[in-house]
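Please read through the structure below; I'll follow up with questions.
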Amino acid sequence: MLIEFGNTRVLCAASVNEGVPRWRSGSGLGWVTAEYAMLPSATNTRSDRESVKGRIGGRTHEISRLIGRSLRACIDLAALGENTIVIDCDVIQADGGTRTAAVTGGYLALADAITWLGAANRLNDPKPLSSSVAAVSVGVVDGRVRLDLPYEEDSRAEVDMNVVATDAGTLIEVQGTGEGATFARSTLDTMLDVALAGCAELTAKQNEALALPYPGELPEPRPGKKKGSK
Amino acid sequence: MLIEFGNTRVLCAASVNEGVPRWRSGSGLGWVTAEYAMLPSATNTRSDRESVKGRIGGRTHEISRLIGRSLRACIDLAALGENTIVIDCDVIQADGGTRTAAVTGGYLALADAITWLGAANRLNDPKPLSSSVAAVSVGVVDGRVRLDLPYEEDSRAEVDMNVVATDAGTLIEVQGTGEGATFARSTLDTMLDVALAGCAELTAKQNEALALPYPGELPEPRPGKKKGSK
Amino acid sequence: MLIEFGNTRVLCAASVNEGVPRWRSGSGLGWVTAEYAMLPSATNTRSDRESVKGRIGGRTHEISRLIGRSLRACIDLAALGENTIVIDCDVIQADGGTRTAAVTGGYLALADAITWLGAANRLNDPKPLSSSVAAVSVGVVDGRVRLDLPYEEDSRAEVDMNVVATDAGTLIEVQGTGEGATFARSTLDTMLDVALAGCAELTAKQNEALALPYPGELPEPRPGKKKGSK
Amino acid sequence: MLIEFGNTRVLCAASVNEGVPRWRSGSGLGWVTAEYAMLPSATNTRSDRESVKGRIGGRTHEISRLIGRSLRACIDLAALGENTIVIDCDVIQADGGTRTAAVTGGYLALADAITWLGAANRLNDPKPLSSSVAAVSVGVVDGRVRLDLPYEEDSRAEVDMNVVATDAGTLIEVQGTGEGATFARSTLDTMLDVALAGCAELTAKQNEALALPYPGELPEPRPGKKKGSK
Amino acid sequence: MLIEFGNTRVLCAASVNEGVPRWRSGSGLGWVTAEYAMLPSATNTRSDRESVKGRIGGRTHEISRLIGRSLRACIDLAALGENTIVIDCDVIQADGGTRTAAVTGGYLALADAITWLGAANRLNDPKPLSSSVAAVSVGVVDGRVRLDLPYEEDSRAEVDMNVVATDAGTLIEVQGTGEGATFARSTLDTMLDVALAGCAELTAKQNEALALPYPGELPEPRPGKKKGSK
Amino acid sequence: MLIEFGNTRVLCAASVNEGVPRWRSGSGLGWVTAEYAMLPSATNTRSDRESVKGRIGGRTHEISRLIGRSLRACIDLAALGENTIVIDCDVIQADGGTRTAAVTGGYLALADAITWLGAANRLNDPKPLSSSVAAVSVGVVDGRVRLDLPYEEDSRAEVDMNVVATDAGTLIEVQGTGEGATFARSTLDTMLDVALAGCAELTAKQNEALALPYPGELPEPRPGKKKGSK
């Protein structure tokens, strides 16, 4: 699943494994986790591979955790059953807003995985998703609030905020940061207005995408059988 | 500098080095960075050392970055000159809110380091701090908004928010997360009210602490001389 | 540059940096190197990220070295001047033959980088490429020699061989391996026949691709000026 | 438990886990191990975190092993039963003799852990400790033998020796090193005299500390029940 | 087992463990793997230890994999039964051709391990080795094909090829590389002629070595009993 | 240089590099350091490679540091000039006492390196070695003090001591450890008697070895010229 936000392009893929990590084994609950990464050639100046450096940077960790947390907020893990869904978000081209693009695209990959698990008869409950999830970034540039900044504007934004919201307009995550500056509470309110409107637009586009036929082959229902990853 | 918030105790220390990291060398700007860590015995159940595991976890990275960003928002790096201040925040005992305690205590360590640099005549401008910085956590437990949750309540909070603010009441960082749940915008507003009131209280206590004499020996002013770390 | 060989899809990108690694600095010679990686979702069963494992596996190392060696065989490093070209080959979808697809696509990325450097007036000699490079895999399945095996056949091949050749039909690299079996010298000869014919076909397709206009904006010629990466 | 030797301050804590490492599981024997670390701000010039460097240095390894070995010499591991006690020694402030302070304080933490395990009815035998353990450093500075050197003297000592002894005056560990110099056997004898006298003094102080009431809440005796760490 | 090829000296040792890696447990098949390493003092200019660097280089990985693959080609893993044989090849002195010396010596160590396992009555079938294995390097220097180049010639070879063959003259592995150059197919043919003749000579010497008595003590046959490593 | 103590065999080699580590550059002083390692096949049960594990264990660190410290005690680093000597001690076969064999053999490698440097006219002073160095282990087994225990006895020793001494009978390092036991000061005295007698015997053998001609080719004297490693 290739998500494009302006010039930002993120490949989002879901993998399904039977079973859950050891620490929650036997709980009857499923697990959703995410891994975010950037290809070296995604940025204007080539960035080093984290595999070559031998360690994952703080920014990568932070974004992977944000995506996982956001997607877990919209799913009933008991309904999922003891299955693990891993969402991989690999940035092919970066031009601002890669983390919010990854959340928004990650939701689509998650929804497809749920469809696949449903067809395979492997869910405890047919509707584990309680809402859809979309995310946008907003920023203040030259004193004005702007939605989804490209890299050139983002890098000189005074305030930067990421908002993750549901299709019901409730909030999952709000992260606002003054970039070497502080901001008034009224600015926060304006940024939230703009962000929630942006999320609503994305929700509409997600619904269009999910109304299309499933992009692949659905499995035969196989109750009680072992299966590999999707 | 030992900061206590309820049963949470964090040791905050500043180290001053002449010079800046290579990537900003020659810019005339200083640098402030932070490292957060938890002693293995700080938690109820012993946690493994990250040095033994050979890698720093995502949570540690995330918090170190938050502290550094928050403290850089209140300092004029040109006034600091090409000096680096490292703020170490080591959690001795953890009972909720360790990251906000670290920001609040980190500010005190930073202010002391600035006093020391000023006495040593090593600042480009005598007042590099544009404001003070304090941080609190707020959460929603059993449907009610609560300030500075201890661990037992924090672990069952439905929403968790960290707010970093200045003494002028402006915001530096807002991070709100639904923990496996979503929250209404009105809840966000109430949490911000409570958080800003909490930050104001902490600001008053910080001012009291900084009104006390400098906790150590101040250096002789040495213009143009090389110095080791504080 | 996205290369497709059957269901195998590899993203190949070149980055240009002024200067060379320290060990060959001052030699007047340029450097070409390559990094190969596989996205976790590229395989049927999700593979773990090497950045998460904290170390690069032997297979990845081996393939990165093969690509770099193959591309260096066709370029005059003195004509390149003290520039470094990094070829990134990221496998988006894997269905056999990813290493040979990466060499073949890597040559196209290299040729584009040379066009870009030429337009920027940064080459010591206008024609550093002495030949083109293409690679194929051949295998023996059920006793018959086959070109470019898909994964399903590759995994049960008795012999597996990768051949890298130039447009002049000379060889750069030959790697033949009995997979838990041995093979006669006559089989090697047949495999080479098939492989060289396959390389010739790929060379024709590469020429078609390179006859198209340069896929991007060419730089202004800037003699003697510092430049970032492409 | 905070141990102070002059300006050296070490936080010593014991954690109890049911079970033992896999390699001695089923032996009926317990295990005692130790981990030593230094906070970055403990030294005059800030030292880098080993977690950030991604590997534990030789000195840290060496000291952790010394502490573990010293404490295991005074305990009957069969009487301890299949429990593991981890002693964490974190240096808050370093001014010479951190390793011997860690052994001496580590014994107090171990004794408290034994009291706790006894109250919980989890020992195979009520008195697993066969002796107490204390340690001192002695050095030769300017030709004279001195006990417990502060950092300034330690760094110019010609000979440096660490002695770990029991309350019965027997030896557990003797480590004497010429620092870029050699020393006569008679010097070794004098150093041992001074060290054993020093250990006897520390033993007296340990007894005073252990005569105080247990610093925490003792558990209810729970025969045969699973418990988390202390 | 110390193998000498000119000035190249490689220590080859086999270790036998009961059981196989988890991923092939229960298959009834055994496993043979190899690890190659170079002592720091083996080369003219001291090379850094990979244990100190904290990661294994690409070249080491590549050679270890080549040795393992080559030896697995000559053994019936079902006849071996669920035993693992690890072949360690440590280069004591390096003067070209270390990898082919390691394969050739590794075969002798493997054959001894098989003799040992047979004496211990631990094989499923008494003759698991289907052929012997030997390897040589050939190169083109100053336009002439040469067998087993010493380092000084190897480093200026235009083409370098490693060939692994059986005593029946069939091939296991062929790796030919143009070193910054390309080569004609006819050159490949000549190199193969020379290499196969070289392998035949080595096979003769291996047979002589294996005709000597077993270099150690053979175990008592112990059907069905647990055993440590050889 | 291959040192044999009973069944223990250690390969000791010295490498000479012009220059010193950065932290002592410009001091006019040389540097001597050591690296100890064990081949996987050196022990009865194969041990894992530390390069494969990606980290050096505490024991390896500890022994490398002991060897380096011991050898630095007998050399005048100002007389050595800004040269670095690295002593590599690789255990080929281990049967107790590997660390003391490494110190004793390391001294021979060091003495050869000094001879080589002297012949090359690269020393500040022709006699940098102030004494020779030898080391032995002693242990208490079944209540009796024994010199140089083989592995089988060492593993059940009650006390274990390593002593490094000069040819003048002065001490460089004394490390005595009760293995899960304590020992009387009189036992320490007896162990020292036995150890010093053992060191004297080794010193005699070292002198014999060094009286033989230099095992290699000595360099031409080249004042003021750059040279590679020995």
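Each chain gets a letter, A, B, C, D, E and F, in the order it is written, and its residues are counted from 1.
Assume contacts are C-beta pairs under 8 Å (C-beta built on N, C-alpha and C of every residue); 3 or more make two chains touch, one makes a residue touch a chain.
What you see is a predicted model; the values in this text were computed from it and never measured.
Chemist: What shortest step count links chain C and chain E in the network of chain contacts?
Modeler: 1
Chemist: Give the fewest steps needed to get from chain A to chain F, where each step moves from one chain to a chain it touches.
Modeler: Shortest path length, in steps: 3.
Chemist: Among the other chains, which touch chain D and chain E together?
Modeler: A chain counts here if it touches both chain D and chain E, which gives F.
Chemist: Can we say the copies chain D and chain F touch using the same residue numbers, with more than half in common, or are the two sides different?
Modeler: Counting which numbers both chains contribute, over half are shared, so the two copies meet through the same residues.
Chemist: Which chain's centre, taken as the mean of its Cα atoms, is farthest from the centre of chain E?
Modeler: It is B.
Chemist: Once the Cα atoms of chain A and chain D are superposed, what angle does the rotation have, between 0 and 180 degrees and to the nearest 5?
Modeler: 120
Chemist: In whole angstrom, how far does the Cα centroid of chain B sit from the Cα centroid of chain D?
Modeler: Inter-chain centre distance comes to 33 Å.
Chemist: When the C-alpha atoms of chain A and chain B are each averaged to a single point, how far apart are the two points in Å?
Modeler: Inter-chain centre distance comes to 29 Å.
Chemist: Distance between chain B and chain E based on Cα centroids, please, to the nearest Å.
Modeler: 57
Chemist: What parts of chain F, by residue number, touch at least two of the other chains?
Modeler: Expected reply: 54-56.
Chemist: Beginning the circuit at chain E and going via chain F, which chains come one after another?
Modeler: E, F, D, B, A, C
Chemist: Along chain C, where are the residues that touch chain A in the complex?
Modeler: Chain C residues touching chain A: 11, 13, 15, 17, 35, 37, 39-41, 44-46, 49-56, 60, 86, 88, 90, 92, 228-229.
Chemist: Under the touch definition given earlier, write down the residues of chain E that touch chain C in their complex.
Modeler: 55-59, 61-62, 64-65, 69, 72-74, 77, 131, 161, 166, 168-178, 180-185, 188, 192, 196
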